Amino acid sequence: MLLLDLLLMLLIAYGFGFLYYGLYRNLSARVHGRFGPSLAQSFSDSIKLFVKEESTTFGWMFYLGPVIMASGAVLNVLFIPFLNQGESLQGLSSYGNLIVVLYLMVLGPLGNALGVGSSGNPFGVMGVTRGLTRLLALELPFYLAAIGVMIDAGSADFGIIMQAQSTQSNMFAHPLLFAAAFISFLGFMGKSPFDVVGAPQEVYSGPATEFSGKFLALLMSQSAMFSFAKLLLMVNLFWGGADHLGELVAKTFVLFVAATFIGSVYARFSTVQSVEFLIRIPTLLGIVGLALL
Amino acid sequence: MFDAFGSSALLHQAITLLCFIIFGVALFGVLVKKNLFNIFLAFSIAEAALFLFFIGNHYAAQLQAPILFEGLSRFDPAVMVDPLPQAMILTTIVIGIAVLALALTFVIRYYKLTGHMRIDEMDELGEDR
Amino acid sequence: MDEGFIPYQQSLEDEEQSIKSTQSVIEQAIAWFRAHSMFVLAYGTGCGAIEMPPTFTSRYDIERLGVVGVATPRQADILIVSGYCSPKTLKRVIRSYEQMSEPKYIIGLGSCTINGGMYWDSYNTIKKLDDFLPVDMYVNGCMPRPEALIEGFVKLQEKIRANSSEAGYIQYRTRYAHYRANQERLFGTQVQPRYEENFAGMNL
Amino acid sequence: MSLLYFVLLPLLALFLMPLYRKHLHIISVMLNLTLLTLALTCTHTLPMVERVAVDLPFAITFVLERASWLLLTLFTLIMSLVSLYHLRYGNDKALFVASTMLGVGVSGLILSHDLFNIYIFFEISSISAYLLTALNQDVKAYGGAIRYMIVGAFASLFLLLGIMLIYLSIGVLDIGAIAERFGLIEPRLQFLILLSLFIGFGIKAELFGLNFWVADIYQASRSSVGSLFSALLSKSYLFVLFHLTYLLHVSPSQLFFLGLIGALTFVAAEFSAFKSHESKRIFAFSTLGQIGIITLALSYADAMLSAAALMLILTHAVAKTALFLALDLLERHFHSSHSTIFARFHAPFLMGIIALAGLSLLGIPPFAGFVAKLSILTGLASLEAYGAVALILLISLIEAAYLFRLLTGFRQGTGKERLYVAWSHKLLLGFMVLLLLGFGLMPEPLLQLCQAAAASMLGGNHVPL
Amino acid sequence: MFHFEATLLAHLFFGLSLLVILPLLRRRDLVLHLLLLLSLGILFYASSLATLFIGWEMMGWSSYFILASSARVATLQRYILFNLGGAFALLGAIALLYGFMGSLEYRDIDASLLPPWAMNAIALLLFVAVFVKSGIIGLHDWVVDSYSEATPLFSAILSAILSKAGIYLFIVMFMVLLKEGATEPLLFEIMAWLGVITSIVATFKAISQDEMRRLLAYSSIAQIGYIITILALMQGFALEAALYHTLIHTLIKLLLFMNIASIIAITQKERFSELGGMIYHAPVLFLLLVIGIIALAGMPLLGGFNSKFLIYTALLEEKRALLLGAVMFSSASAFLYCYKLVYGIYLGQRPQEASLHVSPKSYYLPQLLSAALLVLLALLPSLPVGYLSVIGVELGFAPLDDSNLFILQSAFGSFHGGALMGAFGVAFVALLGLLQLAHSKAKKVKDPLDISYCGEVPRSETNLHFGYGMGYELHRISFIAPLLRHHSRVLWDRLSLIASDFSALLSSLYSLSAQHVTLLALLLFTLLLLGGQ
């Protein structure tokens, strides 16, 4: 039963991940005044990459990098409950908690970074370095917000955190923390203005430089699932989770559309700029939010 | 200051004053003279001043010399001058001469090695030597 | 051969018929996905580079067809050689092509890639790209407009769906000696590493 | 068993020199070992009083109580060790004469219970010190000896003045008698006397303000002689100074002044050594530093602190002797005592000795120096002298800085010369370090001895007259 | 009443130090290493402050003499002076305590008798001792230099074992002996923030290092910073978190330093800029290092996360949100140097094969053991909890729940190590299978230089390894740049300069001629005569 539940969660994450990814491309095309590709375009892309005739690899670590990354994403999906009540779609959340998930979020990228590094391509490492440098500023506001939420709920357990929001969601109870977390969430989603990591021309796509075929396909799939996991995390932490699947879709959709629209209209920050921005505004918001707690 | 030392207070004070003048002269020599020989000579003078001061302050005109001869078989402070200072001074003089001799030996040896005996030119010791 | 739109349309339909007849369902599906997701490495070798930004942006929006630009050859399916190539540039073009994963296709953009175009008598540009790399689709004109390029993509989509053994990358593999000889003639001692060597690697 | 042996035996050995002029080094060893044995046999008969009386009060009195016994044993031990060290280098007439005389001088100094005798032994030890300084018979040696003589003569002038004033005022010279009658003297004269004695002994005991000659003298003399100066000479003067201080019941403010001088000695010496590159000067400064601490500790006139100070005298003497003897080995090899020689030789045993003795000197466990230092610190703390504790700890860091700079000879490197160390020397130095280690690990017996000694030192005049 | 000697720390340190010593058996300075072990024994089994101090100091000088065989003079001086400075502060505290207690035995110490000022002074002195040993920022110069200049094996001992002495001292003094003392809470507050500031600054410094062992040295400083922070809470669960982290950090640093020792043995190189691409030459070492850095970064799936989790929940329970934020920030920044370590050595450009040696096999044993323990702790995170709780219980704190070894409990939630490992394992295997079965076939490049490099063909002499310079960007970030630009060493150097100026002034007094000396003596006499009455 648990296995079925887990599979269902993965399927939902995978499906909605790609759907949202397609939606993102479509929506930003609309913002640009284009029609954009079909909703399934990203899915097609990933399938096509899976069925390329060949994929270049540089050795076993390069091979394992995307696998670790995808495993990380899978774990993230499994350890975040989809719903705030009932037995189903809770995944393995009772075996972990928010702190575990916060750390699981970096496990995949670090594993992938090993793969990138083993290719020996300097551009890949540049991208990884940018990612890690940005990460150190990106996580700070999110952590501050998460700390606030945990202290407020008195637990790091997702169930209790969502329970604590049954009367008033954290978004309204702690708007500053929400703001901090949201800005940092934008960065986690890798959207503009925080998308300097994979700058296509400047650093030749960054970490993804050497990945081709099925590796790229795996990376795309995990990215879709990972995005959904991040949406879930935000929904659970600040919007009290969802009572049923419909509410979940609605909430994640709203969050996603907001992130997409912001991403579509902002220019890219350089690494230094993004670090300085994140350290200043959202971090200050977070500190003030914690002080008001 | 030295009233307690018997009746020759004035004499004692005069001797004390004189000795301290000599002592001062000697100290001046010790501190100012540049020739090593002169310096050690000054030390001798200072010592002599001290001896004089000590012996002089024990001199009492009405007392006898502390010499045991017929009729005088034991030291009697009422009759004799205190003999101990004399013994002490004799010993000290001996020591002083010994030290002076040793000092002059060193000065001579030093002069033979360096060709000078001026204290302000002694620069063989110190850091980086 | 007939000219004009109608016979051309007809020929397309004929081809579609033949695809259906020769391929299994899975192969058809694979081909469909490949045709509808094309990652393009747009190599701006010559003046054709100016035509590509409009093609990709709001005015012509080629993303509708599933065409996306990528930065590195590893991820690309299609290489657009946009105009004349000097040997210096060609070296990089060949290298980029060789680093792409199969199946991979080349679009030659503009007349220069066909016969040298206005550089027909230049001693420092190549005249016929096909001597050095297998071109799958020529889009002629000097310069061709984005519409033409889009049509080229549509045509290439059909070719991909046809999954014929005539595809350029198969040609390059099977007739490598020919291409290599031409490259060596052009570059002399400064020739690139051999394609076979690089890709005769083990299968993990 | 007579206390006179400690003075007469060496003098006898000196007078009979022509009988065995070829074997002076052996005689020296035998003599010193005999004296050491004699000193050790006195353990159970303390306190001992010996009078060579003409007629009271005209008598020469020797007193051996707990404190002086401790120092006497130490002195004979150090003399034995140094003479054993020199055994290998054969007959040396000048060294024999000077060192034996030094033995006479320092033994007499601590044994004498009579101020004039103290003066005589003061002079004897001074003269032998001048001789020891000049042993090398080169420009440095004579220059150093001359400097020493100028300063020493100055000191003896003041000592003599003090003694004369005492005798003029109260007519006695026996220390016990002086202690009884000292209060009768007019206060201003009292002060003058104390000051003269302070200048006289202070110069010789190397206290701050009066000790600016020390580094030059150590530098001028041989390293092995340095061990005698450092372990015997300055300590005996210091002992007499404080013996008199305690007996004469000086005022608390004067004790405080002595403590201040001690602290200044310590600070100035350690800072001076910080930049020095001449190892003999460094060791001289280090000796000054230890004297400063000892003076500081003794100035509190507290039983526990005085015991700790005595302990420090003992451990410092042994450690310094080991260091100076090791330095002597180096100096004989390199004909230099610049601190760079420590990095130029390869002799693991010798390096180990230097390191361990240095650690003891610094007061680092588990060596005996640590016990002394810890006792001093805890003693100071129990007197609530936290400033002194802080000062000692802070300045000890400076001490560590220069001592460990010498120890960088431990580093491996090129250009190292293999240095041969004889077995006898290894045994000797090893014995000293083992002594330090042993008393560091089992300090109780030594501490008890020191406590008893401190009690007798502070207890005033307990010798019945 | 007091059985602290039978603790995890003592056993841990003994076991591990022996382990590291094993490969050293043939070395010349074995005696000194044994002495070091002995000093640790004395430290842990002490029953009086004097004995404790003996162990402390012996540890200092025996390690100094071991270090002396390889380090520069300036480093040695720094090492011994900082250590002695800390030791003397400890000695000062001991003397102060003696002044009030009249005894140095543990059992005679009753901190409730101390007046507040004395307790605070003792606490400050002990802080100096602890901070110096732990390398709190400003007092950390000696750590970095000595770690990087020690022999590679000794660096492991230094980092894995000796760096924990400060923590031990803190626990013994503050949590056992002076528990009843009326220490000003502000002091602990300052200590907590010092710890976390240290860890942040050290983390950034670590990122900008080019030398492997300097990076790890700063990393050690940062990790010990957390422990200091958490200890400053003075709570039972915090103590357990700190001890757990101590355990984990010991394992990690042993693993990492031994790994680096192997690399140095193989390549004879110390800098990232000269290394790279070792993965295909030494894949086992690579895997071991990866285990080490993942644990160091505190990620789940390896033991490193357990202690981080405990630290975070302890801070949460105390509601120290800002402190926790800072700790987590520093912890997240650590990913950068973790990656730099593995990239700089193992990934990136290939090495020149010709100059490689063989790594001693004995170096693998400590690494394998540490790695195995880290994995085991990930699976059974509650395994050492019972052991750690013993200490806490002995000190009067409530024990942690360890009824299920798979689950690490804390007041703020729990996690199941087995579930994490299992889920990851299943996902990993499944995805690997998926990738293998995919239509696309993986082809390994024959020539490792066949990278996509803008159409260029790099040659073997092309420098592709400039990724070792990662972290350079930090110099451009306005709030990090000053941290990287300023060194506390300047301060200490200036202090030393002042001391030597003063020294020159004073030592010129000692070169005066005899006449001047007598003149000064006479002056002193006169002055005292005139003023002394």
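Here the chain labels run A, B, C, D and E in written order, and each chain numbers its own residues starting at 1.
Rule of thumb we're sticking to: a residue touches a chain if its C-beta (ideal position, glycine included) is under 8 Å from a C-beta of that chain, and two chains touch if they have at least 3 such contacts.
Not measured: the values here are computed from a predicted model.
**Student:** Taking touch as defined above, what minimum step count separates chain A and chain D?
**Tutor:** So the least number of steps between the two chains is 2.
**Student:** What chains do chain C and chain E have as common neighbours?
**Tutor:** Joint contacts, listed by label: A.
**Student:** Using CA atoms only, can you tell me which chain is the most central one in this structure?
**Tutor:** Given all protein C-alpha atoms shown, the central chain works out to be E.
**Student:** Using mean Cα positions as chain centres, tell me which chain lies farthest from chain B.
**Tutor:** Looking at centroid distances, C is the chain farthest away.
**Student:** Quick check: which two chains are joined by the most contacting C-beta pairs?
**Tutor:** A-E
**Student:** Cα centroid separation between chain B and chain E, in whole Å?
**Tutor:** Their C-alpha centroids are separated by 70 Å.
**Student:** Please report how many Å separate the Cα centroid of chain B from that of chain C, as a whole number.
**Tutor:** Those two chain centres are 119 Å apart.
**Student:** Report, in whole Å, the distance between the mean C-alpha point of chain A and the mean C-alpha point of chain C.
**Tutor:** Taking the average C-alpha coordinate of chain A and of chain C, the gap between them is 36 Å.
**Student:** Starting from the mean Cα coordinates of chain A and chain E, work out the distance between those two points in Å.
**Tutor:** Centres of chain A and chain E (C-alpha means) sit 33 Å apart.
**Student:** Considering chain D alone, which of its residues make contact with at least two other chains?
**Tutor:** Correct list: 146-147, 150, 154, 216, 276, 281.
**Student:** Counting only residues that touch at least two other chains, what does the list for chain B look like?
**Tutor:** 30, 39, 119, 122, 125-127
**Student:** Of all residues in chain E, which are in touch with two or more distinct other chains?
**Tutor:** 439-445, 452, 454, 507, 511, 513-515, 518, 522
**Student:** Go ahead and list every pair of chains that touch.
**Tutor:** The list of touching pairs comes to A-C, A-E, B-D, B-E, C-E, D-E.
**Student:** Once bound in the complex, which stretches of chain E touch chain C?
**Tutor:** 439-447, 450, 452, 454-457
**Student:** Which of the residues in chain E end up touching chain D in this complex?
**Tutor:** Contacts found on chain E: 50, 53-54, 57-58, 60-61, 64-65, 68-71, 73, 76-77, 80-81, 84-85, 88-89, 91-92, 94-96, 98-99, 102, 104, 499-500, 502-504, 506-507, 509-518, 520-522, 524-525, 528-529, 532-533.
**Student:** Quick check: in the complex, which residue numbers of chain C touch chain A?
**Tutor:** 30, 33-34, 36-37, 39, 57-58, 61, 63-66, 68-72, 74-75, 77, 99-103, 199, 204
**Student:** How about chain B: which of its residues touch chain E in the complex?
**Tutor:** Result: residues 27, 30-32, 39, 119-120, 122, 125-127 of chain B touch chain E.
**Student:** What does chain D use to touch chain B in their complex?
**Tutor:** Within the complex, chain D contacts chain B at residues 55, 58, 116, 119-120, 123, 126-127, 130-131, 134, 137-140, 142-147, 149-150, 153-154, 156-157, 160-161, 164, 167-169, 171, 173, 186, 189, 216, 219-220, 276-278, 281.
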